[in-house]
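Chain nomenclature is as follows: A, B, C, D, E and F, assigned in order of appearance, with residue numbering initiated at 1 for each chain independently.
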Amino acid sequence: MSTREDGRADDELRPITITRNWLDHPAGSVLVEFGRTRVLCAASASEGVPRWRKGSGLGWVTAEYAMLPAATNTRSDRESVKGRIGGRTHEISRLIGRSLRAVIDNKVLGENTIQIDCDVLQADGGTRTAAITGAYVALADACAKLGVPGALTGSVAAVSVGIIDGVPRLDLPYVEDVRAETDMNVVMTGDGKFVEVQGTAEGAAFDRAELDALLALAEKGCADLTVLQRQALGS
Amino acid sequence: MSTREDGRADDELRPITITRNWLDHPAGSVLVEFGRTRVLCAASASEGVPRWRKGSGLGWVTAEYAMLPAATNTRSDRESVKGRIGGRTHEISRLIGRSLRAVIDNKVLGENTIQIDCDVLQADGGTRTAAITGAYVALADACAKLGVPGALTGSVAAVSVGIIDGVPRLDLPYVEDVRAETDMNVVMTGDGKFVEVQGTAEGAAFDRAELDALLALAEKGCADLTVLQRQALGS
Amino acid sequence: MSTREDGRADDELRPITITRNWLDHPAGSVLVEFGRTRVLCAASASEGVPRWRKGSGLGWVTAEYAMLPAATNTRSDRESVKGRIGGRTHEISRLIGRSLRAVIDNKVLGENTIQIDCDVLQADGGTRTAAITGAYVALADACAKLGVPGALTGSVAAVSVGIIDGVPRLDLPYVEDVRAETDMNVVMTGDGKFVEVQGTAEGAAFDRAELDALLALAEKGCADLTVLQRQALGS
Amino acid sequence: MSTREDGRADDELRPITITRNWLDHPAGSVLVEFGRTRVLCAASASEGVPRWRKGSGLGWVTAEYAMLPAATNTRSDRESVKGRIGGRTHEISRLIGRSLRAVIDNKVLGENTIQIDCDVLQADGGTRTAAITGAYVALADACAKLGVPGALTGSVAAVSVGIIDGVPRLDLPYVEDVRAETDMNVVMTGDGKFVEVQGTAEGAAFDRAELDALLALAEKGCADLTVLQRQALGS
Amino acid sequence: MSTREDGRADDELRPITITRNWLDHPAGSVLVEFGRTRVLCAASASEGVPRWRKGSGLGWVTAEYAMLPAATNTRSDRESVKGRIGGRTHEISRLIGRSLRAVIDNKVLGENTIQIDCDVLQADGGTRTAAITGAYVALADACAKLGVPGALTGSVAAVSVGIIDGVPRLDLPYVEDVRAETDMNVVMTGDGKFVEVQGTAEGAAFDRAELDALLALAEKGCADLTVLQRQALGS
Amino acid sequence: MSTREDGRADDELRPITITRNWLDHPAGSVLVEFGRTRVLCAASASEGVPRWRKGSGLGWVTAEYAMLPAATNTRSDRESVKGRIGGRTHEISRLIGRSLRAVIDNKVLGENTIQIDCDVLQADGGTRTAAITGAYVALADACAKLGVPGALTGSVAAVSVGIIDGVPRLDLPYVEDVRAETDMNVVMTGDGKFVEVQGTAEGAAFDRAELDALLALAEKGCADLTVLQRQALGS
């Protein structure tokens, strides 16, 4: 019997919505929602690669994550106005980029660049995992539009897990996230392998049994998300 | 007989949509659409005013405008990544702020700050005028939520007008905007007075007759927008 | 009967001085004075154009505006020290550039760049309009020195107008500018057409009659400035 | 039989050196060496805490990581000269800070701040794990000097592990790091609990068995480092 | 018999002009000319001192130096646009500040700040020495206006000297400066003592005899400038 | 009879240590110690020169100086975190670069760049003079490793001198530096010529006799350092 505020089971995802082609201009675009968390993911394709990669015959996928000022409970300052990008933003942008590159065959992509933009329109926990999950779908659309669907070697999805009051839970909204003793973000491929595991003891350090429980929960959540991604892509 | 690509009459607005409460957190929020142009306007209220205004008993309304990288035809670089805000962004932010302050009674607002954020999700011409038109509605909701509806002394709306192939036209989408010989943005109050008039000769300089024709067209457009704002606010 | 502090008629310019060749190095340079407002305008010519324009056969004119720290009543901080350019500076730089480009034939200019620098040595209202008026003369000298006088398709001048205590007035000094209910900057060509019209309601919104009165005043002022520019250029 | 270039067993640390009091000024300072990787860790104590924490009675520990330009194979540009801190630097600084805060009792520390600086003098893989391991010792010295040894609730150490040619290995030098298919940094307390687990698939995604093997290796490595930290502290 | 291009004797200053009260707003202002070098020096006084000096009863004098873009032979980029101040600008600003503080009695000044701005309108060598020489006069006027003439304990002037083709010369214009084997800037008090000596071997290193010759020349030049400063101040 | 806190004679250097090859990666590297002042000097060689020098056949030597945060008595903020380099850092970087270029024959160096990094690990006065003295040795090693020992036309060393309580003293540690009335840094070649002389009146201005005494002391100190550099280089 769940005691989660939103009535979910401990191993249950929030309602997930994946809306493709939300924008007219980029090659792929997705509005992804994990409950009240809402992230706009765009995949813009362009010919050519950064200078250090020219002539290699290889493509390049990179990502930028950002949050709109009014996305959070209390308005947060705009990083463009501050004139510098914060560590958290940097960290998540890098995580998204690595996660997507894990399922890209750069030879098949050829000397093209796909720039992923994940802009959080509303934040309610799990913005980075929603971003990765949605960005994969936008990336798939962009690869198709570029005529290189084979540049994708698999799919990738991500979910957050955490221990709240000693209980491992899947896909934490903000109210759970702030109370979590341990917080873990896990990125997995569609065939059940790990791309990124990032666990952090927020309160007390965690033992191996807790770590194992969180990993199992994340495997379940990523598998569920993979199904939803496939449905969204109609495949 | 119109020759506009989208079949509109020369003095006709694009389809306008004003969706209130698009976000959970800010006091007021609106997704405003002028055709394919889509701007998310948020009005975040907070107690207190900037230091230079403390103790005055007066409130403060300010605005920031920005464009998501994938909003445009070709992806544009993120200003937070560049580390500096461009002149165009500065200019429009200032315009929105001035426009909204024109209908605010800072005494009634009291020592509260309302921060307006206008983020362009998709750009197809007229982003600054859509931003002002939508931001007014978000501001009205924020004033109501703050319990100071009387802080608004009137309404404000904005529209672009321009001369294309010698013909004055209302509410230019991107394809018309780039071809305009003269381009003007006009901000007006709900009772038909001018708040801002910004006309620019893009090609040849314009004469007084052309200026008058554009002003008349803008008066018509702002009046139409005022009606739509009232409908959206249910008043 | 005038009630202006400096005894001028409402439609009268301040004493205007245009001193050419104030500097040794740039192709054209002018110290322009509108009363106590003093702006140093330099037009530096160089071969070649920015990368995005190479091979087009077209020239490029651009402008930067800045204010010395001690130019104002109270010293203002140096933007180079702050590490960022303010919105107002950006806005005026862009206005000056657009205004001058309105009278340039880029084909005749050929692949040359003219960089305009307008540095306010002393500010007493109307710095942007003085800058445009003086910069045109510096630009004319630079075109002549470059051997392409025909790159100029006309002349351009600018003036501020405003409504103070209900009365429209021309060429506002600082003491009038801060009291103006409405403030407008108008840029016009030598043959009486409009290049830029920027009107702002500082206090209450303004109606069409007031707008018309301000435009008429600006037309008069720009015509007077055009005469002074011609005298300065000895043409 | 090991095939590692430096002749180590797969579960063997590089020679570890922890030199305390390497600097005169900070409350604690350590030069830590993991093989050829050399990191200077300083713990500077000061009275008071950041503004947002004032009056809480709680202390604050934070960290900054940086790399000298000549620390790497090929000289890297100085971040102060570039005017911005890179994402990797941000990410590691935050990791070090979180790791150390996991063993701090902020009530016992009281309203004091300890600023940790980890500057990489020479880089040969594992700089972030060396930094955490050394910084803990500097932090212990700083707490002792501040008269609050009890502010430490335990010890913390970190090590990198990775899979090279299918074989899990401990404490990777640069030559192994660049060849690793999977790379994991693990931070653990002296009593064998996890503080941070950060695993990344560099080449192919990794399965649960590989993840388990890496975690086991990391537990062994952190336990060995804990012994060396105790020896260094003479406890 | 002189071989200087401008016909001066080797120990002769260029024509020096010191124009006081060139600006309306600052407490003191001087347009100083050393030949074609033209620097606008402003001394802005304000009540209070920087935070780190509050309550000390002591005043504060600081300086900023900058160069207008069109001041040089070839236009130089604006530091505000580049977003960072160059090393040369920093160096000269600090030199001017130190030089002026050498003749200030901060107790007599009391808790007031005098901000010196030296903006080079035209550069032809010796801009920093002209700046110091002119700034002293502006500072004297500012102290008088503040009612604390006694805050000045003496006067200060500066001159450049250099060795060209083996011959020591005073007050180098640009054409000599670029050819100088050794270049020295010397700041001296009105009673003939040294405040700053900054000598640099541009070509070959210099010996003690050359150094002595340059110092003698600088003593002569500073003495001449001191006379001119006194004349300008009418004392 | 000396009254210096550390028992040295007034014309005696602190214990000087020059440790070569302190780092593995750069072509030359030196840990130089002047008493408790400890500076890590690295000379990184790379093929090619900056763009403005390409095709000239000439090499390029440049330098960057920085201080670790915990190097000073009280921790100083990191310039990379502040996002801008301070004036002092700029000034010293430029001084080191000029000093080393004084003994480089750029033709012999050919189109190669040597980048000098001087990072102060611990500061106790004289960091810039220690940096120059150590950097020369690192530069010599780099030239040898590049196969162009003849690119060095001589050696260079630097020392600080100052007047404390009226007595000229050599090589000031921090406690003397803060008390010095006059402070001078002198850079000299191995054959006794001057490269840089930078004297500053910290308290009262100094007369010619004091200047001469300081120069004599500096000549003695630089000669002593030259001997130590030769010993370190085994030549």
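Methods note: contacts are C-beta pairs under 8 Å (C-beta built on N, C-alpha and C of every residue); 3 or more make two chains touch, one makes a residue touch a chain.
Which chain is which protein? Per UniProt: A, B, C, D, E, F = Ribonuclease PH.
It should be emphasised that the depicted structure is a prediction, and the values quoted were computed from it without experimental measurement.
Enquirer: So which of E-F, C-E or A-B is the twin of B-C, meaning more than half of its contact pairs are the same residue numbers?
Expert: E-F
Enquirer: Per the centroid of Cα atoms for each chain, what is the distance between chain D and chain F, given in Å?
Expert: Using C-alpha averages as centres, the distance is 33 Å.
Enquirer: Mind checking the centre-to-centre distance between chain A and chain C? Centres are C-alpha means, answer in whole Å.
Expert: It comes to 51 Å between the two C-alpha centres.
Enquirer: In chain D, what residues contact two or more other chains?
Expert: Residue numbers touching two or more other chains: 83-85.
Enquirer: Counting contacts the way the document defines them, list the chains around the ring, chain D then chain F and the rest.
Expert: D, F, E, C, B, A
Enquirer: Which stretch or stretches of chain A touch chain B in the complex?
Expert: 23-26, 29, 36, 40, 42, 44, 46, 64, 66, 68-75, 78-85, 89, 115, 117, 119, 121-122, 124
Enquirer: Applying the document's contact rule, which stretches of chain B touch chain C when the two form their complex?
Expert: Going by the criterion above, the answer is residues 84-88, 90-91, 93-94, 98, 102, 184, 188-189, 192-201, 204-208, 211, 215, 219.
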